[in-house]
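In what follows, structures are represented as structure tokens.
First chain A sits with chain B, and in the next complex the same chain sits with chain C.
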Partner chain A sequence: MKRVYVNEKWCLGCHLCEYYCAFANTGMKDMAKALCNLEIRPRIRIEEQDDISFAVSCRHCDEPLCVKSCITGALSRENGVIVIDSDKCVGCFTCILACPYGAISQSETGAIQKCELCAKTNDGIPQCVAGCPNGAIVFEDRG
Partner chain B sequence: MKYLIIGNSAAAVGAVEGIRQIDKSGQITVISSEPHHTYSRPLISYLLLGKTDRQKMRYRPDDFYSVNGCECIFGKNVLSINVKNKTVSLDDGRSICYDKLLIATGSVPFIPETEGQEKVKNSFTFMSLDDADALGKAINAGSRVLIIGAGLIGLKCAEGIAGRVKSITVVDLSDRVLSSILDAEGSEILGRHIESKGISFILGQSVLRYGENEALLSKGGSVPFDVLVTAVGVRPNTSLLSAIEPSYERGIVTDDEMHTVIPDVYAAGDCTQSLDVSSGKNRVLALLPNAYRQGECAGISMAGGKKPFDRAVPMNAIGFFGLHVVTAGSYTGEVFERKAEGSYKKLFYDKGFLKGFIMIGDVNKAGIYTSLIQNGIPLSDIDFELVCEKPSLMAFSRKYRDEKLGGVRQ
Partner chain C sequence: MPINFIYPEFEIVRDESQCIRCRACERQCANEVHGYDSERNAMESDELKCVNCHRCVLLCPTRALKIIRTDHTFRENANWNEDAIKEIYMQAGSGGVLLSSMGNPKNYPVYWDKILINASQVTNPPIDPLREPMETKTFLGKKPEKIGRSDDGTLKVNTSPQLELELPVMFSAMSYGSISYNAHESMARAAQSLGTYYNTGEGGLHEDFYKYGKNTIVQVASGRFGVYLDYLNAGAAIEIKMGQGAKPGIGGHLPGAKIVGDIAKTRMIPEGSDAISPAPHHDIYSIEDLRQLVYSLKEATQNKKPVIVKVAAVHNIAAIASGIARSGADIIAIDGFRGGTGAAPTRIRDNVGIPIELALASVDTRLRDEGIRSSVSLVAGGSIRNSADVVKAIALGADAVYIATGAMLALGCHLCRNCQSGKCNWGIATQRPDLVKRLNPELGHQRLINLLNAWKHEIKEMMGGMGINSIEALKGNRLMLRGVGLNEKELEILGIMHAGD
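Up next is the complex of A and B:
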């Protein structure tokens, strides 16, 4: 399946992926309006230190510890993509405790949020990748 | 192939999904004494709280059994297993045969014998959906509730009913709350937080004797109550096998494919012991993630595949009245500590490996710590100072990141 991969050496640390991610999940048309005065909660996050930076988002693992650990059944795999049913999630954060990459976070509703490869919002075209100016994140099928 | 599963909770669901990864057509029968679609047991307190409902708390979709081709026998108890004839007998007189049997019977509440307990009319445990329903019916805005046990289940029960009763008093023999998963300081923080929500604690005491509406305490004094909840702990439900293997009292022993010593009999979940890699000791890890993963491994193995169950550690993620707590592993060795307004973190490391941690308040990216414990990653391979301050992939080698984030095959 196609996944988001990171080319660390190309990452400029510009954080645009975070903005595109947050915007994609607002469902609005105008980015400036959507994000105006908003503390964004993107599902992809840049880690940076000195001159190193890279983006981290869900790996959609073959052995998804988050799904297996989820106490409510809110996390599941649909066509390879690990998705969250926010209605079922009670925000216990067992998945945050289980994810080896720190790729799951709390949403403003108290439920968790994570990258769903824009499957629900943008026809499965990850907006972080589309918006990355330097090809530092790519969406590819590597088997 | 006829698969028979006793139990219908996390371990059983894991087993059904495990079997179907390998065997799409074998006959699966699921037997449970609870007359319900599989539900998330930890959510019973959220149900009382109104944060979920019966539909949302279903652990798998409505069509789970039909999609997976399972025959369900719910509301029936398995009384015994005949390992020679490969049959189990039910309380309705039926006998069901199997080729492969999974015991996923979970936990039972431990109830200490206390003088006068038979006098208490409104006495409950807090383990099942039916328990939650019964408790929900018994309480009202005037109820004084006494909960015995300041562990995970007792405190979750307290949170679930806090807004619906007059008062809640929690008594525990230990001198601090949640003593099985927190250190003294963590207990203090959490205890104070829960107290601030109006719940009273009487710690370091036990109940000497019950009257109909009163508990006499070990160090003197008494607590009047209308409703009693006993939540002092759980025991592995090994009764079906302890008739055959008396040594299973403290959790059924299996190999790493969840096979017991009895041919074609497997066990998974709360009823078993597993190897805790953080301590190197076998123990009962009565936790849902463990139960699911064991069930899945058992299912795969029953269907002829191979997926060893390993890398088990105790891990808890739990919130009380908005304060989040995550913990994992064992609390041995040297300690790294960070405290800030509203958050508390302690890491325990020994001989170059992370062994355990406690985080209260800020639980962000805690799984990075869990993975260090589970995978036994030597701290010399990472920037330990950085990871102590902040769980991050930055602390790992470039090679690790290229592999995990960049998809580079090593």
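Up next is the complex of A and C:
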């Protein structure tokens, strides 16, 4: 299955992936209109310290601890992609505690949000990958 | 505080309705032009530091930025123009030699743009390169004077070592140090994939790149940095650098601050020491001296590698080239005055040397007249900008061309001409690790391959139009060229007729 991978060697720490992610999830056509004066809540986040930076998003684990921990069945695995049913999420944040990568966060609505590989919003073309200027984020099948 | 006489050259125009405060511009500018004021939630900029490299403009996700030339002006003066006035202010402030980089930007004639290419009509049909074979392969090196046969009638094969090029374009010398590791890797991988060559420049060959040796030309320059037996044997050819088009007659100086880590190791000099390339080779004061070095290098490599001698195009280039051809060199590379550099005194860059078009034509003519043209190949460099320039250069007499500025542009360079600052925002002319990583060779080498493949298609189209199906048949074929707007003397030197003639 194709997943989003990050090569920190080429990550510039420009944070553009966060903005492309936030934009992709607004469903709007114009980036400036969508993100103007908005505190963004991206599903991919840059971790950085000194000279090292890299983007972190959901790994879509084969044995997802978040799905196991979900008390309402809001998180599930569909064709390998861990998806969220926001209507079922009660905002208990157990998944946030369970995720070893810190890839799950709270959305504006109170439900949790996570990377769903742009499957619902951009025909399955992850916008963080499309927007990375240095090819540091890739969408590949590594088995 | 003393008065700063320099007014910013550029203005940064930020469309506030488009800006989403992502701060990518701030994070990406090594010159620290952009800043963020959290109190006002506003971006701000210090235009005095802007070099107009477009990094921020192109990374801005909402295209909120553009850079324009300031319309702040001096009183118009055709003699004391803006640059002349500003340069006085700069020197009056610093007391130093003006430094700049890349090629001569001044308004000298570009002869490529005054030469037109022929095409076949009616009496000699053009060739369609998509349907018929078209050969862009060429060989560089000394060619046999005559065909000889041994007693049993078989051909004597004693061809000197040759470079085999899939297309007549090579990447010219840029040292590791003046440009980054990733820029070198991009060129090395592209050269390998394209079947051509890149050139180490005078900074030695990084140990990681020995594996690209078959597509590498190793350079021996006046500083002799990184030169030792394995280095000489690693490459496909050895180039002796006598001069460079951007700065003929002077040497080079890579400041100690840049001689760190792998660069010091590759150059084989202590970390932090200035890398000074003298203006002359201290062992070369005549053609005979040059001959000694040529043959020393041939001996060191068991006569298996062609030796290139690279010179800047200067006033008596034809006589110089004739001498080089007699020194035993296999290939002469001539670098015109528009050739680039990582740093040169502005006065030298802008005023010394001659155009490559004239130099190339006069050298080719001279070597033909003296009957020694086949004993060397000619490589022309110094601002070959596109495939039409390549075709014109070959028709004027070149066997192949060198490109460097064009290759750097393909990697992201925007000709901001501040290489000497070491803060290249595109990861090319810098050694700062956070900037170097901005050039991902995976993307970079593909862009170089794309560029030269595009040129190859265009070269085939142009050759086909002329009814010519190989580079060999185009070489020195000056009847395929006509000049426009050139005077008698220029046409005479170029050896071409005027359009309509």
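Here is the rule we use: the second predicted complex is superposed on the first by the 143 of 143 C-alpha atoms of A that agree within 3 Å, B and C clash if a C-alpha of one lies under 4 Å from a C-alpha of the other, contacts with A are read in each partner's own complex, and residues count from 1 in each chain.
The definition used in the following text is that contacts are C-beta pairs under 8 Å (C-beta built on N, C-alpha and C of every residue); 3 or more make two chains touch, one makes a residue touch a chain.
Bear in mind the structure is a predicted one, so any value in this text is a computation, not a measurement.
Participant: Give one word, clash or fit, describing how chain B and chain C relate on chain A after superposing.
Facilitator: When both complexes are placed onto chain A, chain B and chain C end up side by side without any clash.
Participant: For A:49, decide between first (touching chain B), second (touching chain C), both and neither.
Facilitator: After superposition on chain A, A:49 lies in contact with chain B alone.
Participant: What is the contact status of A:111 with respect to chain B (first) and chain C (second): first, second, both, or neither?
Facilitator: neither
Participant: Who touches more of chain A, chain B or chain C?
Facilitator: Greater contact footprint in residues on chain A: B.
Participant: Of the two partner chains, chain B (first) and chain C (second), which one does A:90 touch, if any: first, second, both, or neither?
Facilitator: Only chain B; A:90 stays clear of chain C.
Participant: If you stack the two complexes on chain A, which partner ends up touching A:130: first (chain B), second (chain C), both, or neither?
Facilitator: In the superposition, A:130 contacts neither chain B nor chain C.
Participant: If we overlay the two complexes on their shared chain A, which of chain B and chain C does A:142 touch? Say first, second, both or neither.
Facilitator: Only chain B; A:142 stays clear of chain C.
Participant: For A:14 in the superposed arrangement: first (chain B), second (chain C), both or neither?
Facilitator: A:14 contacts chain C only, not chain B.
Participant: Just to be sure I read the superposition right, which of the two partners does A:119 touch: chain B = first, chain C = second, or both, or neither?
Facilitator: The answer is neither, since A:119 touches no partner chain.
Participant: By how many Å are the closest C-alpha atoms of chain B and chain C apart after the superposition?
Facilitator: Superposed on chain A, the two chains' closest C-alpha atoms are separated by 16 Å.
Participant: Sort out for me which residues of chain A touch chain C in the complex.
Facilitator: 9-10, 12-16, 18-20, 23, 31-32, 35-38, 51, 131, 133-136
Participant: Inside the complex, what are the residues of chain A that reach chain B?
Facilitator: 3, 5-8, 47-49, 52, 54-56, 59, 65, 68-69, 71-73, 87-88, 90-102, 104-106, 140, 142
Participant: Using the touch definition from the top, list the residues of chain B that touch chain A in their complex.
Facilitator: Touching chain A from chain B are residues 14, 40, 42-43, 46, 51-52, 56-60, 288-289, 292-293, 296, 315-319, 324, 326, 328, 363-368, 370-371, 375, 386, 391-394, 398, 401-402, 404-407.
Participant: Which residues, counting only chain C, touch chain A once they are in their complex?
Facilitator: For this pair, the touching residues of chain C are 17-24, 27-28, 41, 59, 61-62, 64, 433-434, 437-438, 440, 442-443.
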